[in-house]
Amino acid sequence: MSLPAGFRAEVEPIVGAAGVVSELEQLRTYECDALTGHRAIPELVLLPETAEQVQRIVAACHAHGVPFVARGAGTGLSGGALPVAGGVVISLTRLNRVLEVDLGRGIAVVEPGVTNLDVTRAVAADGFFYAPDPSSQQVCTIGGNIAENSGGAHCLKYGFTVNHVLAADVVLPTGELVTLSRSDPGPDLLGVFVGSEGTLGIAVRITVRIVRVPEAVRTLLAAFETTDAAGDAVSHVIAAGILPAAIEMMDALTLEAVEAAVAAGYPAGAGAVLIVELDGPVAQVEVDSAAVERICRDFGAFELRAASDAEERARIWRGRKSSFAAMGRISPSYYVQDGVVPRTRLPEVLRRIYALGEERGLRIASVFHAGDGNLHPLVLYDEGLPGDAERAEELATAILDVCIDAGGSLTGEHGVGVDKVCSMPKLFGADDLAVMARLRNAFDPAGLANPGKVLPTPRLCGEVPGPYRVHPLERAGLAERL
Amino acid sequence: MDAQLLRDCVHCGFCLPTCPTYELWHEEMDSPRGRIYLMSATVDGTLELNATVAQHFDRCLGCMACLTSCPSGVQYDRLIELARERVEEEVRRPVSQRALRALAFAVLPRPKVMRVALPFSRLAPFRAFRELAPPWREPVAPPRTTPAVGSPRARVGLLTGCVQSVLFGEVNRATARVLAAHGYEVVAPYDACCGALALHAGRREQGIAMARRTAAAFAAAGAETIVTNAAGCGSHLKDAGLDLPVADVSELLVDPGPEQPVRAPLPLRVAFQDSCHLKHAQRITAQPRVLLRSIPELELVEPAEQELCCGSAGIYNLVQPDAARELGDRKARNVAATAPDVYASANPGCLLQVSAALRRAGTPLPALHPVELLDASLRGGLQGLRRRA
Amino acid sequence: MPSVFDPSTVAEAAEILRAGGRVAIERDRDGADVLVSTARLNRILEHEPGDLTVIVEAGLRLSELQAALEPHGQMLALDPPGDPTIGACLAADLSGPRRHRYGAMRDLVIGVTVVLADGTVASSGGKVVKNVAGYDLGKLFSGSRGRLGLIARVALRLHARPATSATVVVEDRDLRETWTELQRSQLVPSAVDLLPPDRLALLFEGAEAAVEAQVAAVAGVRPADASIWEESAARQLAGNAVPFGWQPCLLARPGAGLAWVEESQPEPVWPPLAERVRAAFDPAGVLA
């Protein structure tokens, strides 16, 4: 595969020689994101430094019919930044400036290559923060967060990226530059763009909402004997009408990995650990945390700790936030799954998942955003053993089927990317996918923006893309497929 | 390269924001994750270790900040060392690079040669040498033996080093005095290079051999511990698997022992910069600060971006001058922004690099080792201090 | 005069749209042959209190939904004026003072089933709060005013009813100053409403102690709670909402018996990209 004649000559002057990566050895380092099982070498990697350069590059891609994939820090877990053979990668990492901060209006204007944590850093001294906090926040970029509609532990209370993006200048796949705003008349195109996984264009300038740091924060760590007990505690917290800022759960295997990695000091011998964080006005936090502590004890928490200062709070979170990468300490390889189920079905789903793991002889470590039913089962395997990687992938798919069966979804926050694209028909019927395709085509008639992601095609997934599964709502007679 | 070690990396990318070359260029190839990926590809044979690949290994500063940030425990220090060895063996560098390296290794690890060459630094064929050469030199040495004050706790051997002994000889003398004041008998029997520069540049055999000769000399002089006051040297000797224990001077001094010598006030605002080979490689961060804070009236300030290397990195600032200059300028800006009276660091490379950058920026500052400040305090006050800038 | 149809199932609605002609949804338009009403598409399909989610048909009135949720101590955190249907709330982006804290309808919708002009039925989202599978048609249909298709079913995220609430009114000649100070404070009002020319109303909700503490932190006059918010919700606005900071402080539109709201202003013009999407969804211009 190679690029059309004249394309390189057109794009190279836009970014200069220092903005073009073209040696094979260097291109290889861009062949995947954090989902390393899928790799493809791009023809070129371009590193623009301004919004205008991005627009001109995309316009050139459109003129020459060259597919493109936008890339931030490459930490995505669904292969969203997987290059397209015969296409280019447009790296946004050099558009990394915080352009404006307006505390009075509660906004910041940033370029897409700014890391998530750097947004908070820009406003922290003034007592503000940027709320969506994926675990990779010190490295993942706002552009990537927008592509995946990233959540993070605190999205239970604060919402997702889509709730915090107020406007964006977007380069459409046609090369046009449009400004999408929450206050635009008509359909919420900005809301559609966030979470569209790089298939509808590239955001080059983003206005985000920044939030005042709450008056009080209380971080509780509770150790339980079993995930069931911890899950029950979570249900009762929610049923009591409490909305914590975050509720995270880690199982025993995860705790083992995390202790080996960062020695966060989690209680030894726990079958499950809950991190519950409450924030808000002082009096509200006091009422809520007393209730949470009581509920945890009622459900058998054998150790209950509250962080006494910012450092301890950071230490409690550090373990949770490095839990994926920490798996490297207890297993040579692992496969992260991202499933989401209605929270009330969590205990049952967990049991089924562990049973599946035992059945197939592979260990599963689980980390969850227990508050919203988003679970990350990590299937541990050894890619050095022949066949292990395939078995792990099969198990991960089986786990996904359990989630969908329980009324959940394919992905809570990692995105469909290339990882789940062929499973989309398990969740959506042909008409659903056709309408989504109409939407995508309205933005990208030439099909150049991150092709092969999100929506399945016969070429990608085979003519009959997977067995059709009856949706629980259909079974209940409450929905029809036409 | 070690396939097992390489598999520890799960490609999570947490190392990227801590990597100075990623901070500069935002390219995957010049990040720890990208370098590891290249190493893996040369191991599995899908890529050849050629000049393009070697360039990205050469551009690594070896600052080890990624070591601190990696949640998977990847031993990047070992990986880059192995990679550099392979590059030395297998890749032919361009002529100018070879000349530059030859010159660096001819001069820096040999104090006698350096002393002679230094006055001619302005004529050096490479700009980096010219820029870094400081306006001072201190080719003085501590006595061969410095007796302990009071009954001696132990006999320690002070590594006087190569670059240190020519440009920062006063630091060595101050170190001997301070250790003695805290009850140590100090011997300084050895005036050759410990091999750090060689090993960190990929010349492993040479580096290890020099480390062993160093240890032998100290053992022969009856030293129980080798004490270093240069972060890079201490890190290298600790890793070299020697029979003698090695300690940084700050590690020894935080345990004051029975004699707590009186400290006179030093009313100075001191910006202390962490050295990578103390902070990341040896995990020593608290001790130098404890020592500085033990000096009455001394105000310790922290420049921003402590985790970001200043660009000195052994001979890096000679062989990768553009990247080093950008990083040096950035570190100098961070230091100057704290409005200090003094810039302090525990490594001669950092002191040279950052003071050159401060001079370039028009904001020169006295550049001192923390042990010199302690020494001045023990000797009654400011009057004893050097004013390098 | 258009023929009025009121389907009671999604399949029936699809039939009607597929049959052709010029269709108006819920509100008569010039030149419409067919008027589709969602009055009989008004069931609560599934309410899972433990998950704080509910799935309803779009013709359900907001008041009926709130009444069904109240015994569980839950609510849809949306307080537009009048008693619009759920579908209207989404299609017309209706909201009230509590938008300040809880967001607009688009922020509360987690799944949607729509019927397009050619009778195609499509769904996106689901019934879980956290979901990034596929494109979000719920966002697309927010503010679409019946021009992209008929909204048939909506899955919603719910909130717990707060334990108590109280209102404070601040009088100040320079309300922008007050607003700026409010932004910098750590008060968490559920609603902030501008009562021109010089009054700002703040609604606090939550545990009793928390509400009392926040009210005490604000200096001002405290009138009876209900009337202020009824006034705000019912207030007629000439023109658009007053932009104040990034969120319009007050979004009051007049309510009526119909699902649709009588507008005193002309239909807003959609940006070109939105028109392109509309053309993709309704190439024949059935709903135009």
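Going in written order, the chains are labelled A, B and C, and every chain counts its residues from 1.
Everything below uses one rule, namely that a contact is a pair of C-beta atoms (placed from the backbone, for glycine too) under 8 Å apart; a residue touches a chain by one contact, two chains touch by 3 or more.
None of these values were measured; they are calculated from a predicted model.
Peer 1: How short can a path of touching chains from chain B to chain C be, counted in steps?
Peer 2: Each step joins two touching chains, and the minimum needed here is 2.
Peer 1: By the contact definition above, name the pair with the higher C-beta contact count: A-B or A-C.
Peer 2: When A-C is set beside A-B, the one with more contacts is A-C.
Peer 1: Going by the average position of its CA atoms, which chain sits the greatest distance from chain A?
Peer 2: It is B whose centre lies farthest from that of chain A.
Peer 1: Whole-Å distance, chain B centre to chain C centre, using C-alpha means?
Peer 2: 62
Peer 1: So what's the Cα centroid distance for chain A and chain B, whole Å?
Peer 2: Here chain A and chain B have centroids separated by 40 Å.
Peer 1: What is the distance, in whole Å, between the centres of chain A and chain C, each centre taken as the mean of its C-alpha atoms?
Peer 2: Measuring from centre to centre gives 28 Å for this pair.
Peer 1: On chain C, where are the residues touching two or more other chains?
Peer 2: Residue numbers touching two or more other chains: none in chain C.
Peer 1: Which bits of chain B are touching chain A when the two form their complex?
Peer 2: Of all residues in chain B, those touching chain A are 7-14, 16-17, 26-29, 34, 37-38, 41, 46-47, 50, 52-53, 56, 70-74.
Peer 1: For chain C, which residues count as touching chain A in their complex?
Peer 2: Residues 9-11, 14, 45-46, 48-53, 55, 73, 93, 103, 106-107, 113-114, 116, 120-124, 126-137, 139-145, 148, 153, 159-161, 163, 180, 183-188, 206-207, 209-210, 212-214, 243, 245-246, 248, 268-271, 273-274, 276-281.
Peer 1: For a test of understanding, state which residues of chain A touch chain C in their complex under the given definition.
Peer 2: 103-107, 127, 148-149, 151, 155, 159-160, 162-163, 166, 172, 178, 180, 183-189, 191-192, 195-196, 209, 212-215, 235, 238-239, 241-243, 280-284, 286-288, 340-344, 369, 372-374, 407-416, 420, 424, 427-429, 431-436, 438-443, 454-455, 473, 476, 478-480, 482
Peer 1: Please name which positions on chain A make contact with chain B in the complex.
Peer 2: For chain A paired with chain B, touching residues are 21, 23-26, 28-30, 32, 34, 36, 47, 73-75, 91, 93-94, 96, 113, 115, 136, 138-139, 260-262, 322, 324-329, 332-334, 383-384.
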